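Chain IDs A, B, C, D, E and F follow the sequence of writing; residue 1 opens each chain.
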Amino acid sequence: MVKIEAIVRPQRVDEVKAALDDIGVTGMTVTEVRGTGAQKGYTQQYRGAEYTVNLLQKVKVEIVVPESDTDRVVKAIIGAARTGEIGDGKIFLTPVLDAIRIRTDERGEDAL
Amino acid sequence: MAGTAFAQEAAEVTAPAAAAPAAANSGNTAWILASAALVLLMTPGLALFYGGMVRAKNLLNMLMQSFVAMAVITVLWVLVGYSLSFAGSAPVFGTFEWVGLSGVGQAPDDFYATSIPHQLFMVYQMMFAIITPALISGAVAERMKFSAYVIFMAIWSLVVYAPLAHMVWGEGGFLLGLGALDFAGGTVVHISSGISALVLAILLGKRKLSHNDDTRPHNLPMTLIGTGLLWFGWFGFNAGSAVAADGIATNAFVVTQVAAASAALAWMLIEWVAFKKPTALGFATGAVAGLVAITPAAGFVGPLAAIVMGIGVSFLSFFAIKMKSKLGYDDTLDVFGVHCVGGIFGALATGLFAQTSINAAAPNGLFFGGGAALLGKQAVGVLIALAIGATMTFLIGSILKATIGIRATSEEEEVGLDLTLHGEEAYAGPTIAVQTTSRDAVGGGHGATSHASAGVVASEPAA
Amino acid sequence: MAGTAFAQEAAEVTAPAAAAPAAANSGNTAWILASAALVLLMTPGLALFYGGMVRAKNLLNMLMQSFVAMAVITVLWVLVGYSLSFAGSAPVFGTFEWVGLSGVGQAPDDFYATSIPHQLFMVYQMMFAIITPALISGAVAERMKFSAYVIFMAIWSLVVYAPLAHMVWGEGGFLLGLGALDFAGGTVVHISSGISALVLAILLGKRKLSHNDDTRPHNLPMTLIGTGLLWFGWFGFNAGSAVAADGIATNAFVVTQVAAASAALAWMLIEWVAFKKPTALGFATGAVAGLVAITPAAGFVGPLAAIVMGIGVSFLSFFAIKMKSKLGYDDTLDVFGVHCVGGIFGALATGLFAQTSINAAAPNGLFFGGGAALLGKQAVGVLIALAIGATMTFLIGSILKATIGIRATSEEEEVGLDLTLHGEEAYAGPTIAVQTTSRDAVGGGHGATSHASAGVVASEPAA
Amino acid sequence: MAGTAFAQEAAEVTAPAAAAPAAANSGNTAWILASAALVLLMTPGLALFYGGMVRAKNLLNMLMQSFVAMAVITVLWVLVGYSLSFAGSAPVFGTFEWVGLSGVGQAPDDFYATSIPHQLFMVYQMMFAIITPALISGAVAERMKFSAYVIFMAIWSLVVYAPLAHMVWGEGGFLLGLGALDFAGGTVVHISSGISALVLAILLGKRKLSHNDDTRPHNLPMTLIGTGLLWFGWFGFNAGSAVAADGIATNAFVVTQVAAASAALAWMLIEWVAFKKPTALGFATGAVAGLVAITPAAGFVGPLAAIVMGIGVSFLSFFAIKMKSKLGYDDTLDVFGVHCVGGIFGALATGLFAQTSINAAAPNGLFFGGGAALLGKQAVGVLIALAIGATMTFLIGSILKATIGIRATSEEEEVGLDLTLHGEEAYAGPTIAVQTTSRDAVGGGHGATSHASAGVVASEPAA
Amino acid sequence: MVKIEAIVRPQRVDEVKAALDDIGVTGMTVTEVRGTGAQKGYTQQYRGAEYTVNLLQKVKVEIVVPESDTDRVVKAIIGAARTGEIGDGKIFLTPVLDAIRIRTDERGEDAL
Amino acid sequence: MVKIEAIVRPQRVDEVKAALDDIGVTGMTVTEVRGTGAQKGYTQQYRGAEYTVNLLQKVKVEIVVPESDTDRVVKAIIGAARTGEIGDGKIFLTPVLDAIRIRTDERGEDAL
């Protein structure tokens, strides 16, 4: 199994979720994160003091899938998350040794 | 304010010891000072009421749309607004006689303020002029350009609010002369802002929402705090409109409380039946709808009528809001459904429930043996407020749209108006660590910017 | 309100120019209008004070338990509550004479409101009737069924609050006749609600907490805002109870401020010594305890006595709350420890510190040469309030428990009452992305529901 | 308060029916009761205004620095503060005559309170004494030891506030005799606290910030709520200072509104031009600066002057704050830039814009044909306030620094003052699961502590 | 070493922590997340507009353990987190290459 | 590629970010978390009831880097995050199978 970890723009999470629903992937876990990379930050003025904010709001979407589904899911995420502007985010693929469904003790791909 | 001429006549009946026009009464002055402060507080209250309902990324913009009215309208009112609303005795427009408050001093005024300083009446009225355009902001939330909003509001105040206030409450005003009653602003405040809200929302167009954006209220406790402050301040709004601390003021106070309570209760019960869950937002919406409905009627109807009106307005507003989805306009926070619908209902219900025994200056309404005469006059008032609000808003809005533009860009809307229009975030924390660079000397000196790598340098401000 | 008869007699002493019963005094009317608004604001203040202390998942329910009192009790008060509390001149119960406010008009009343409109006295009293049952909600927080709460509150208002108010303040009232003093509601408001809170908390049973659930206050700044609003509103509560803007009102205002301050200070210092840390919650709790203690005494005792009472109540309440863990009942937010204990202390301390020189209508207390007579009468008042509160709450609570049930289900409690009973979340954000589907036309049209996969379809509402 | 002698003389002019000194006027009493409550509310308002600007980890400490003034100063004022400020008729210091409020009763006072109870004047003044030292807290935010803060505040109140109040408003006071005008506290409240804030901030030293710490305001909506409450309460502050509900009070009310509005508007426009973005924080800062500037002038200048003053103070304060980074002191929330600069400007501008036609007790200012005489007297008042504030704060601060220490430890500062000094967290949630162990019996019994593994046992408290 | 990543109900975190304490595991990191899967969402009504919330609050508990401890820890988590209702959550096992204790530079299992 | 997952004190995030900037690493994702381990919790008193808080605020910093950069980055993090007191946190290294830049479809180390 593979964990697909996508860092996307907050405004795109809904689209990503919808795209995954469309291809039948319903299990996922999302986390609010902040990220920095090539994307420029922005400045704010508070009483004339300037602040540069470089850690921008992003959302991490984690989906564990059977290895065979990886490409399909990655494609769906890219389709939904891409705006073409810097800051669209990354997808990281990491190995998963096993999965367990707490409710039933099911293991492996059955647990997904 | 509001129906002052009537209120004052009545006051003379119940308070025969009222001072001669030349001397202010300290008790009445005390109450109107307090009332003016209460009405001022309604605008921050409105800001919170609305603010809790938008998404966090647009919160400061929403709050500012109310607060900015406290700044802009105040200055405008002193310079020309009060004069255009109350000076002279023409049927439709005020004159320039009191521009810059010249002639508006500490002495009472024969017509508007027989027992309090004229300037006190002026500042009390100012508070109404402030909150009225701010009410509109709920309909244009989350997408309007801030500069256009400020300009719209200022013009609107002069071309919609001022003439309407003059017709309804001004010396020689056409609707006042006709005998249409509006104790504290059902037509002048709520119908006018409610219909304008609808028109402006349509001119602006819908928010750019994807089918699954989360537009739920981001902070309902904030909305409830706002509701509490609005309810509290509304006592100044309605009971202060007697321009005296007397029996009429008391009546207005009582029915304000009763209408707010019964409307909140009714809305809660409607939801309980319809959805099995009485919501806090429903309660708050009902309370405000009740307060709106009783506003034109407060000095004229009794507590049992207020119960009926409270229940009635919640049913009407509830279904008006339901209809929104069918009609497809994006009145973000239902200003039309609550203020316009509630205001119309309240104005007409005044024609049904008014009682001469409560206010000697008012005729009996339809249900108290007065026939349909008053109801008809009320309908005229409603129609005029609707007509002026709709046409003038359409005009101002269209001109602004064609010139400076009234809508934020898609990107501003998507990122959020706080960051893009105001350069701030409402909640910067509480604990998330964020890299920032400050030009502020504090903590500086040791290379505040040396770590800024090329790719992440933010655009330099114009300062 | 409160000790009105006394206050009025005294008022005549200090203000010989007081108007004849038939004419309202505009200064007094101004102050009671303002006071009624201030007391109304205490209920939202209480909502925030309590709301900050519960867990976020139960916040809206907590807030609604206060707000709903503003709706339900208002309507009830107009229909029957005021009449049952103040009409007639029987020793224990009011009559039905003033049902629907018939006979309660703009003219003053010979007994209750000699210098303000009778209706103003009625609405001022209404605000007390609203907040009193809402006080109870702190003890039943995080687990009570909302429907049962609403019904309980309404019945309680008629069978506990109304007779108690009549006995203490009503014409012919038994405790009034006896000479027991309660200026602004130590027995009627605080002891009655405090003991009822305890009984209802025990009937309900403890919250279902695992040994390591986090029940810390979720938002102490909210509790502090609530404290500020309560403190502010309490000036209307206590100083308004003089039913005049006079020397007695001033005395009540001063000692209210002083008692709140000294109790807050004392609580802070106790904590500083005991735990090395003065907490914000301790400060807030102390302030409220001081306000409670001074309530029955406000028109009768001087500022130095107020300092002593403030310090005394903080010690008592602090240890009463400590005892809770030993006794094992779950009075969630310590309504008993603060309101009942504080109310009893305040009522008895009135018997110690009352001074005829402050209020001609009051005898001197034990410490001012008046002997133990007043103290004894105060004790009678306390016992009666305790007895009525405890027995009637036990009765109503038990009947409701046996019929519709008073407790939320375990699942509702675990998930949180906001989502399960009200169908809302307090904080939906600020920024977490949440998938939602709205029937709202906005952004709809392009298959708003087409993405809902089988497994995640939510249950359809009854709408 | 404030210019009471003047205000009263003037009151006699506009209200010839004012009662003889022996009898209180119910209308005036009503307004000052309301005003005292309004001014009390400013302190929680200030707490929120400041609280929103600090980091979440120091929020409760920031709030407590204001709230604690409500406790400490109240008790101090009753015991000695009022006496030291107002008793006797010496030029600089008050006497001990009114210690413990002996002699301060329900009857009016010939000098301070001719138409309201003397005790009401006392408690109204108390509210000013409370908020003044609390203003200082903004400059020492996020790093001062709480115990040292409390002690500093108490001493400061007696050695800075009391003599200054006596000189400016007290019978026989030196500046009063000189003819320097300070209607509601420009020198006594704002200059004194503003300069003291600067000195104490310098004594304390800068916060320990790393070059990239995020010190942005953590909750601007909280700051806006605070702004709303401050604005609302300021009507009591300024219009109440007429000690009557009359024309002067009305004038003060009007110019308060106008100055706040124009300053907020001006600040917003300055930012719009300078940074392209009008911020909410800028709006709030401007509004407060406007309120500060009009405070000394409120009973003496007209609405058009108030517009000029509002615009002027925003320019001045904006650039004063900009300078801070150059000068390198850490006045966290710009108390000097807003209150001291604004107070000086307002005091001097009174010398330019005062009009005898507005207040018979005031001479005309420079711009109204009165010459530079008044301006000179105003400058004397400013210098004295600056001198006393600076030297005494330096003395108290230095002594405390050398003895108990005034600064929190680095670790306390880094972790946050809430947790380390108060043992609490402002926002414990909303939903994060946190393991806690409570001694509370609720949910206990089944081994509440048995799971605490060795390594994670927290230090035992002293309880 | 293995990272045990458990997604559980928020109400169960305290129990999970206690169960781990009981078996002597004290190191862990928890994160608030939102998840979707087989569990049904719920609807809310705001002024009559219906919202369906499908991303439900969950808490992610991460524990890095020596491979040999894996089963014991998984069992403890399951015991504490299971309610038997849909939505109890999953446990994912992922490989960890190395661990370092920042304070001491200790590496590997010593760092845990 | 390797994912470097550092759990650090919230007060140190700024330093960590700066240290990484200094060595030219700009891409990272941070998450607010709570952690427990050897570090002692603290107690709070609410109206005399004592609460022991054992889950302390931490921040998780995630950086995906080419394997060759691992040591350099780890060293930079340690340098910036260490205070020497218990509770400084851990760094976990986990394998990454692939990375994708959503904006461009770039894969592998090019995507970082």
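Everything that follows uses one rule, which is that contacts are C-beta pairs under 8 Å (C-beta built on N, C-alpha and C of every residue); 3 or more make two chains touch, one makes a residue touch a chain.
In this text the structure is predicted, and so the values were computed from the model without any measurement.
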| item | value |
| --- | --- |
| Same-residue or different-residue interface between chain A and chain E, half as cut-off | different |
| Cα-superposition angle relating the copies chain D and chain B, to nearest 5° | 120 |
| Higher-contact pair (C-beta pairs counted), D-F versus C-D | C-D |
| Distance between chain centroids, defined by C-alpha means - chain B, chain F (Å) | 49 |
| Averaged-CA centre spacing for the pair chain F and chain E, given as whole angstrom | 18 |
| Intercentroid distance (Cα basis), chain C paired with chain B, Å | 31 |
| Set of chain F residues in contact with two or more other chains | 14, 17-18, 26, 30-32, 34, 36-38, 44-46, 48-49, 51, 54-55, 94-95 |
| Residues of chain C engaged with two or more neighbouring chains | 25-28, 30-31, 34, 210-214, 216-217, 225, 229, 245, 274-275, 277, 279, 281, 325, 423-427, 431-440, 451-452, 455-456, 461, 463 |
| Chain E contact footprint on chain F (complex, rising order) | 2, 6-8, 31-38, 54-55, 58, 60, 74, 77-78, 81-95 |
| Parts of chain B lying in touch with chain C, wherever the complex brings them together | 14-17, 25-28, 30-31, 34, 38, 55-57, 206-207, 209-221, 224-225, 227-229, 231-232, 235-236, 239, 244-251, 253-254, 257-258, 260-262, 264-265, 268, 274-281, 283, 287, 302-304, 307, 324-328, 330, 358, 426-427 |
| Sites on chain E touched by chain F in the complex | 3, 17, 26-31, 64, 94-103, 105, 111-112 |
| Chain D partner contacts - residues on chain A that touch it in the complex | 44-49, 51 |
| Chain D - residues contacting chain F, complex | 210-214, 414-415, 419, 423-425, 432-440, 452, 455-461, 463 |
